[in-house]
Structure formats: structure tokens, C-alpha cells
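The two complexes that follow have chain A in common; it is paired with chain B in the first and with chain C in the second.
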Partner chain A sequence: MSRTLWHFLIALLYLFLLAPILVVVIVSFDTRQYLAFPPESLSFGSYAKVFANQTFISAFGRSVMIGLAVGLAAVVIGTLLSMALVRYRFRGREGVNFLILAPFLVPHIVLAVGIMLVLAPMQLLDSYTGIILAHLGITVPYTVRTITMSLMSVDRRVEEAAMVHGATPFAVFRRITLPLIAPGLIAGGVIAFLISFDEATISLFIVSVKVSTLPTEIYNYLEVSTDPQIAALSVLLIAVSIVVVIAVEKLIGLRRAL
Partner chain B sequence: MSGAAAPAQQMTGSNRYMLLILLVPGLLALMTTFLLPMVWLARASFSTSSMSAFGGGVTLEHYHAALTDPFYWKVAMNTLSLGVTVSFFAVILSYPIALFLTRSTSRWRGVLTALAVAPLLTSAVVRTYGWMVILGDRGVINSTLQSLSLTTDPVRLSNNTFGATVALVEILMPYAILAMLAGFGRLNPQLEEAASMLGASKLRVFWRIILPLSLPGILTGALLVFVLAISAFVTPRLMGGGRVFVLGTEVFQEATVTLNWPLAAALSVVLLALFSSVIVIYQRALRRLEA
Partner chain C sequence: MSEHHVVVENLVKTYPGAATPSVDHVSFALPKGEMLALLGPSGCGKTTILRMIAGLIEPTSGAIQLNGREISQTPVHKRNMGMVFQAYALFPHMTVAGNVAFGLEMRGVPNSERGPKVQRALDMVKLGHLGDRRVTQLSGGQQQRCAIARSLVIEPELLLLDEPLSNLDAKLRDEMRDEIREIQSRTGVTAIFVTHDQDEALSMADRLAVMSAGRIEQIGTPREIFDAPANEFVAGFIGAGNFLSGRVTAPGQAEIEGLGPLRFAAPASVGSRVQLMVRPHRFKLAAPGPNAFTGQVESLVYRGQILTLAITVGGRRLTADLHTHAGTLPAKGDTVTLAVAPGDVTFLSEAAA
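Our next item is the complex of A and B:
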């Protein structure tokens, strides 16, 4: 096969892969009330409508808050677990490792039904605590992965040197270890935020009205209508993703983090 | 990795206390978000009470309902065929990209890799919407066909299994690419050079060297896409327009609309069983491949 033909094929495949995102961006500037292609004329009308839509604005706010809480909690829990797994040899270590990876091995929809059954009797369905807990289980594996990688590349001799000079274990962690693992910490936190921010499957089982997130609102909207407002909203979500992708790529490399 | 040189800490009294502090929050979180849900799920699937996991007695009625109703057999068959079709096309379309990225020496390689896996980090709901725009009755493809006067009536590309399949293929491709990139470590340009120096044609080099060496990566990609496809529900539901019935959509229906939680739990267990058996088959295949 000639080289040009090969590169043309690759370009086509990339086009297929990125087509829905490109199309959403184009449609978001359409002026019409209904979904059609190509746009008749371009405007920011859909964006104006999104910013005037109280349902979407408040759902966006909730999604950000939930994402931040999930990111922070997943980083704290992930750091503690990574410290234990990297720095200690103990009985049951394999078990802990398995428990961290296990949520990867179960389909989200199955996990969603299970979490729904656990949260319901505690009256936690459609509550902030409930949705944050639900998202924690699927994000902790990612933070443990990025933080463990950072922790393994820390030179223990630096920590020992600080210890020899009289630093307390906590001071060593705060002044030496923490700055060294910061990229992994931030990358993990950012990924956890984004997973929570974009998650629809589990959220749809846990939330309904009170703490509906942006993806669940979009899903509910799409079941009835597909007007360009959703395209504008989608572009805003894609923008958040792009910021996160660039941040993670710069911090530790996207391929290592996913 | 200089950190590995230092020995892991020996267990002393205070160390053990420290370890406990490190482990307890994480274990508690994973217990409530993973272990308990799995136990509750199993229990609920046998429950006689419709809205709680532990109320009422034990019954096999929901499994009986799930396994004897011809509708659910149809649903299971739909799920399997969707999974097979989606993973077949996702692998075929991802393989050239992964191969290109592995062998590329271009300075754009990093950017192109990021571009290929970045869709993973955009919401599946958003990308599903993108496919609604492309495949809809007044969407990109239909309006192009009509403006070229190739058709007068819109061609039905969405609100059916076709639409759900196309969207799922694209949404799951980044997973396949990622799995292949990780699995193509054994590909070695020197082997290819050696083969072509010895007179092998390009096709022969591909058939006898590149393909066999990349088979483990292909298999992992196929498995990943398959298990994600059979458990998907947002994309089949939105792209299917309520006319595509797979296990995912039925679990959602029973859990949130019909509110028959034990049946939702039983169907989830069926899905999990399907899921696990595929993984076992995959591991057998991989072992045979490596032997």
C-alpha cells in the first residue's frame, strides 16, 4: 500500500472518531429551533438560551460542586491507600489491591443497581452524599493509579536525609513527599473530577430531581427533544474536557493516566 | 526507580497504627461503594419485596421470570449480537490507528495519540448526541443525500439498532486503541526489516510478522469493547429511540420506571454472569495464544 493512501486512511479514521464532536460544535451555532444540518446561519443564540436556562445553570453548578468534592475525596483516599500500598508490606495487601481494581471489573450499570439498593434504605437517593459516594467508588482506582506511579519514583534517600536531620514523619511527608508527588496528585484529582462531571450511567440511577447533574439533565432532555441548545451545552462540556486533557497530558502524560 | 532500593518498612507497633490510619478511610469507601452494593444486589435478586433488598423472604421467581420469558431471551440475544458487532467494527477501525501510532516517528505522534484517546474524556451523552445529529432524519447524512437528490425520503439511520451500533463503535474505539497501544510492545521494526531483506513482500511481512505479534493487543481491545458494549445503556437507549432492547436498557427500565428492583437485580446478575464468562473465555484464548 502506498504511503499516501495509508495516511489518507488514517485521516478518515480520525475523522470518524472525532465526527460527533466536530458536528456538535457546528450545530451549536445554528439559529433554528430544531435539529438540522447544515446550519442556515450562524449565531450565538443557542448559547444565550443555555445561559438563560435555569435548569441547566443550576445543574451545571451542582455538577461542578459534586465533581470537586469527588476529586478532593478521591485524592485524599487515593494518597492514603497509595502510601500504604507502596511503603508497607502487610498481610492482605493483595486483597486491598484487588478491592481497588475490582470496580474496573464490574459494569457500571450493575454497580449502579447495587449502589442504588444500598443508598435507598439510608434515604440517600437523590442526595449529595449519595451521588458523591457513588462516584467515589469509580474514581478512587484512577487516583490510586496516578499517585502510586508518582510515589514509586520518589527517591527514598531524600526522605531519609530529612529524617536524619530531625524532621518528624509528618514534616517529611508535607515538605518532601507531597511536593514530589504533586503532579500525580493533581492529575488524579483532575481525572476524578472529570469522570464525576461527565458520568451519566450511575448518576441516572441515583439522582432524580433535587441533585440532578448536567449529564442527567442532558439525557432527560434528549429523550424528548434534540434542539441545538443541547449542542451549545455539549460544547461547554467538551471545553471542560479539553482543559482537563491538556492539564493531564502536561502533568504526567495522558496514556499513563488512563 | 531509586525508591525501590529502600526496603519496605518493617512492622512495629506505631507502624501498624499508621498503616491502619492509611487503610481505613479507603477501605470504608470501597466497602460502601463496591462490596456492599454487590452483596445487596445478590440478595435483592432473591427478594420477595419489590422495593427493598432485605425485606421479605427468599424466592427464585425473578430468575425464573428473567430466564423463562422469551422476551428476555430476545433481549439477551440482542445484547450479545450488539456486543459482537460493535467489538468487530471497533477493532477493525482501531487497528490501523493503533498500528500507525506505534510505528510513527513523527513529532506529532504525542498530539495524535492524545487526539485518539481524548474522546474518552468527553461525556458519552455528548458524543451520543453528536451521532443523533449525524444520523438523524434531518441530520448530516440525510441532508447531504437529499441535497444531492439521491433520496427524497430520509433514510432511517437512527432510532434503530444500526444507529446504536455506529455510535457505540465510535464511543468505544478509544478504549480499543488504548488497549492495543499497551499490547503492541512486541512489535519490532527490526524484525520487519529482516523479513523484507530476506525477500518477503509487504503483505507477507504484515501477515506473518505484524499481525501475529499484535494479536494479544487486538484480543484485549476486542474484550474491552465487548464488555463495555454489552453493559451500555445510555447510547442504545438514546440512539435506539426506545426501539432497541438490550440488557442495559431493560435493567434501567426495571430499576427506574417499573420500579421492580428485584427483577433489575436479577437481570444485573445475568449481565454480570455474561460478562464474567466472556472474560474467562478471553483468558483461555490468551493463554493458548501465548503457549
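Our next item is the complex of A and C:
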């Protein structure tokens, strides 16, 4: 009896969590020029308009580029930091550990103001360098997390065995450590890409016209009009995230199964 | 010195923060092609010695020479050693052949030569048919053989083995023991072998170093160590023994507390206290007489070829290993007499009274 009640509550919770997404998906097919629920008639009209909107298309392209650059750089930086944190005992290690955690604790809006104040005097506002640096600030903590986890599970004896059998320190890293932490690198890179791809708060402070990203364009568009195009765009954003996650799951899943 | 392949001199290792050294002035020299076993209880510093020789940790002081050349400052990857780790430490993301080829690759051996060498090494350890397998899909014994092939294919100056058999079940352990020994003598590689199993050490090594608390207590052939242990620790660690202490009453004769007179074949001054030992297999069933002790059989363990029995004499226990073909065997509660020839009594130490 209490079990059914329990199941019912859990189902309700899921519904509550998923409801906004469901509403957005349904509204994206509405034919009216304003946002309202439930729709009266359905079509793919909003999607057609989104794909015809040059602003959205080029912002999407920039978001992907920025996301890829951020993902790659966050993995490289995350690897270096993780190696230092896991493998070496140095003075100030605790401090570095805390600094890396900090972006988890500080609200994005606060970070945004801080990052803006730092980037402005360097003339980096509304530049690719600026937005990538800003996104690195919030994504590196995640790559450090996943890569540190992978690194801690690498058996030191395996690396020592490589060394004894003739591998230079660099060869040990290239041939042993790197392949063994690859799942952590991929996971970290994907998370960094997705965060960068979805990030709006900080981006709004950094970019204006030249390097606007898809989330900032959605925000700009919302300021002047609210129609189902926004819903369609949101569905496309969600779809990209889901596709990336599934692709990686399949990829790493397959590698593990081999 | 130069005739020795490996020379270790006064090697000391004190780990940072440790009060006492883990390895304390260890010295030994090993001719080419010999196999040395480092034997001792857990924590006595065996692995530490091996890791210093491999270059994985730095000695606090002391010298390590290979072919007459000091190698303490040589980086690990240039020492040309093969090593079999306790848990094998195979490269989990590579195939069996990939693991074995690794060292050759690092030495820049061209691809065309690598293939045949890897195959030969795999054939030697009977894994020739499993080259394409991932190492994670091997049994414990196969992993161990893969680790041996990986360390031998590079034709190392020195082969280091850290308890390579400890993860195997008893039957496989016996097989691998013979196999390692055979491979070692066939390839003629100089080897240092760490173990805390005395049977393993006795049956595999040309020479044996018995260690305790970071020091080498005795180094010698298995025979020397077993028959002429330098002290009580070595005697007790290698094989079982009946330890008897007493006072020398006449040349070659001591009065053992609770047992009576025992004759032994070693010089010791009259009046001093001596520590003697009789190995269980040195006792024979006999009629009462000199160097014989009579008592009641307290326990019996039948082991096929050998019968281990314990008798109580004057409040103390003596154990004996008797061959089961020796006529009628005693039963529990029987009164028997155990005799030992004076030459079979091991003299351990002497101290002034």
C-alpha cells in the first residue's frame, strides 16, 4: 500500500521535473504568434522560421566553435592541474584545490561581474578569447573533477612497470597514463562543451554583437518578442545536448565493452 | 669485484619521517647467471631493496653496481632491467603481445624484428596462441607468464621478481616455480627474487639471503642456510627446529635443561652456555641410549611419506619427522625413543656463562 503511494510520489516528482520541457516541446509546434498553453493547432512552422533566421544560425555556429574550443582547452588545463594535484605534494596544494572548487560555490551572476571587470581592461569583451576564457573559468573545475577521478584510479605500479621496461617519463604519460585516463578526459570535455554551449548568464556580460552565442541571442530575441520560435529553439538546444550525451555514452560504452 | 655482475654495498633506505631504516646496510654480490632469493618476514625491506635496484626509489646511502658500473644515478628507464611486479602491473589497455612488445618499442627495435621476438617470448611462456587477447581476459597464471615474457623479451641485464607467485593457487605455484627456474637457467639471466615462502626460496634460488628488520641475517646456498644457520632467527625462519639451550659440561657435550646430556660436533668451551638445534628429520627411532630421549607420543600427523610426531620429555616438546617406511609406526600414547647423531645437532651460538 505504502509502496504504491511511494511510486506515485516518485512519478509525480518526475512529472514535475519534466513538465516544463514537455510544455516547451508542445508549444514549439503551436501556430499562434505568442506563447500560450495549450496550443490550438500544430505545425512545423516555428522550426522552419528558426532555420531561416540567419542570426540564430550564425550564433549556433559560434556556440559550437566556442564550445569545442572550451572543451578542448578545459581538458588540457584540467589534465595539467589534475596531474599536479594528484601526483605531487607541493606547498599551496590545498589552496589550489580550493580555488578550483570556488566556481562551484559562487553564483554565476557574481562570477560574471568579476570576469567582466577583469576582461574589460584587457580589451577582451565581445571577443572569442574573452568568452572562451570566461567559460574556462566555470568549466575547468568540472574537468579537474573527472580527470582527477580517472587519475586516482590509475595503478602507479603500471606506470612504474613501463618506466622499468624503458619508457621515458614522457613516454609513460603518452602510452600509459593518457590512454588510461581517456574516459575521464572525454567525460570532462563533453561536460565542458555542454556547459559552454548552454551558458547564458556569464556570456551576457561578456559578449554583445560580434561573438554572441545561441543562448545570448535567445535572450536578446525574448526581449523584443515571445513567440513559439523561442520554444522551437529551446527544443533544438535540448536536442543537441541529448545527442552529444548519447553519442559519448555509446562511444565510451563501446570501448569499455571491448 | 669485477667478476660479479651485480654488487650491492651498504645499501640503506630510511623513508622520510621513519625513525628506523627500512633497509639497513645491506650488501651482496651476485655472479652472472645466478639467482638470489631475498627471504624474510613481511615488512623486512625486500621490496624496498628491489625498488632501489630498479631505480624506482632513491637509496639513502650505499652503492649499486651493474657490470662494475655504478648505477645509482642512472634514470630508471636506462637501467635495462626486467621486473615482474607482485600484482603483475600489466598494461590493462593493451593486448598480451602489446604488453610484451612495449619494452622493445621503447628501445626503438624496428617493427620487423619486434614481431618474431615477441612471438618467441610468448612461446617460451606458453602464451603463443594468446597474443591478441586483452590482458584483462587472462587467468592469474597467464597474467603472470605474460609479465615474465614482458620482462625477458628485452634481454635485461638483471631480472627482478617481487613475490611473483604469491597470487597463485598452490598447484599453479608449484608449476610456475619450476617454469621460472627453467626459463631463468635457459636464458642465463641474473635474477633477484623476493619471497617470504621458504620452500620457494630453497627450491628456486642458487643463493639465499635471509632478512629480518632491514638487515641480511645470513647469505649462502640453500644447503648452507638450512644445515648451518648462522643464528636462531635464520634457523627458525627456514624449516622447523627443536631449539635446545644448555651448558657445556665437557668438550662436545652439553647438559640440556629438562632433557639431560646431548653430544654435538662443534667446538665450545666448557662452562659456556650454548644454543643448539635439532631439525625434526634428524631424529630417528632408536633404543634408549646416549643422545636419545624417551617420551610419550602426544600428537601425530600423517603426511604420506612423512609422519610428524611430537613427544613430551621432561615437560618439553620434541618434534620429529619420521619416514613412514621405517617399519611399524608409533601410535598416540606410545612411549618412544628419539635419537640424534652428534653430527646432526646444529650449533647456533655460544655465550659465556
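Assorted remarks:
In the analysis below, the second predicted complex is superposed on the first by the 242 of 258 C-alpha atoms of A that agree within 3 Å, B and C clash if a C-alpha of one lies under 4 Å from a C-alpha of the other, contacts with A are read in each partner's own complex, and residues count from 1 in each chain.
Assume contacts are C-beta pairs under 8 Å (C-beta built on N, C-alpha and C of every residue); 3 or more make two chains touch, one makes a residue touch a chain.
Just so we're clear, the structure is a prediction, and the values are computed from it rather than from any experiment.
In this overlay on chain A, chain B fits alongside chain C without clashing. When the two complexes are overlaid, the chain among chain B and chain C that reaches more residues of chain A is B.
Judged by the touch definition given at the top, the superposed model places A:Ser234 against chain B, while chain C stays out of reach. Once chain A of one complex is fitted onto chain A of the other, the partner contacts of A:Leu42 are absent, as it touches neither chain B nor chain C.
In the overlay built on the shared chain, the residue A:Glu160 is in contact with chain B and with chain C. The superposition places the C-alpha centres of chain B and chain C at an angle of 100 degrees about the C-alpha centre of chain A, rounded in steps of 10. When the two complexes are overlaid on their common chain A, residue A:Val243 makes contact with neither chain B nor chain C.
In the superposition on chain A, A:Ala171 contacts chain C only, with no contact to chain B. Between chain B and chain C, the minimal CA-CA distance in the chain A superposition rounds to 9 Å.
In the superposition on the C-alpha atoms of chain A, the part of chain A touched by chain B in one complex and by chain C in the other spans residues 155, 157, 160, 258. For chain A in complex with chain B, the touching residues are 1, 6, 9-10, 13-14, 16-24, 27, 34-38, 73, 76-78, 80-81, 83-84, 86-90, 96, 99-100, 102-103, 105-118, 120-121, 133-134, 136-138, 140, 151-157, 160, 191, 194, 197-198, 200-201, 204-205, 215, 218-219, 222-223, 226, 230-231, 234, 237-238, 241-242, 244-245, 249, 254-255, 258. Considering their complex, residues 1-6, 8-9, 11, 15, 19, 21-23, 25-27, 29-30, 32-38, 40-41, 44, 51-54, 93, 96-97, 100, 110, 112-134, 136, 138-140, 143, 167, 170, 173-174, 178, 181, 202, 227-228, 230-234, 237-238, 248, 251-252, 255-256, 261, 264-265, 268, 271-272, 275, 279 of chain B touch chain A. Chain contact summary for the complex, chain C toward chain A: residues 54-56, 76-77, 79-83, 85, 87, 89-93, 102-103, 106-107, 134, 150-151, 154, 160.
Residues of chain A touching chain C in their complex: 155, 157-158, 160-169, 171, 175-176, 179-180, 258.
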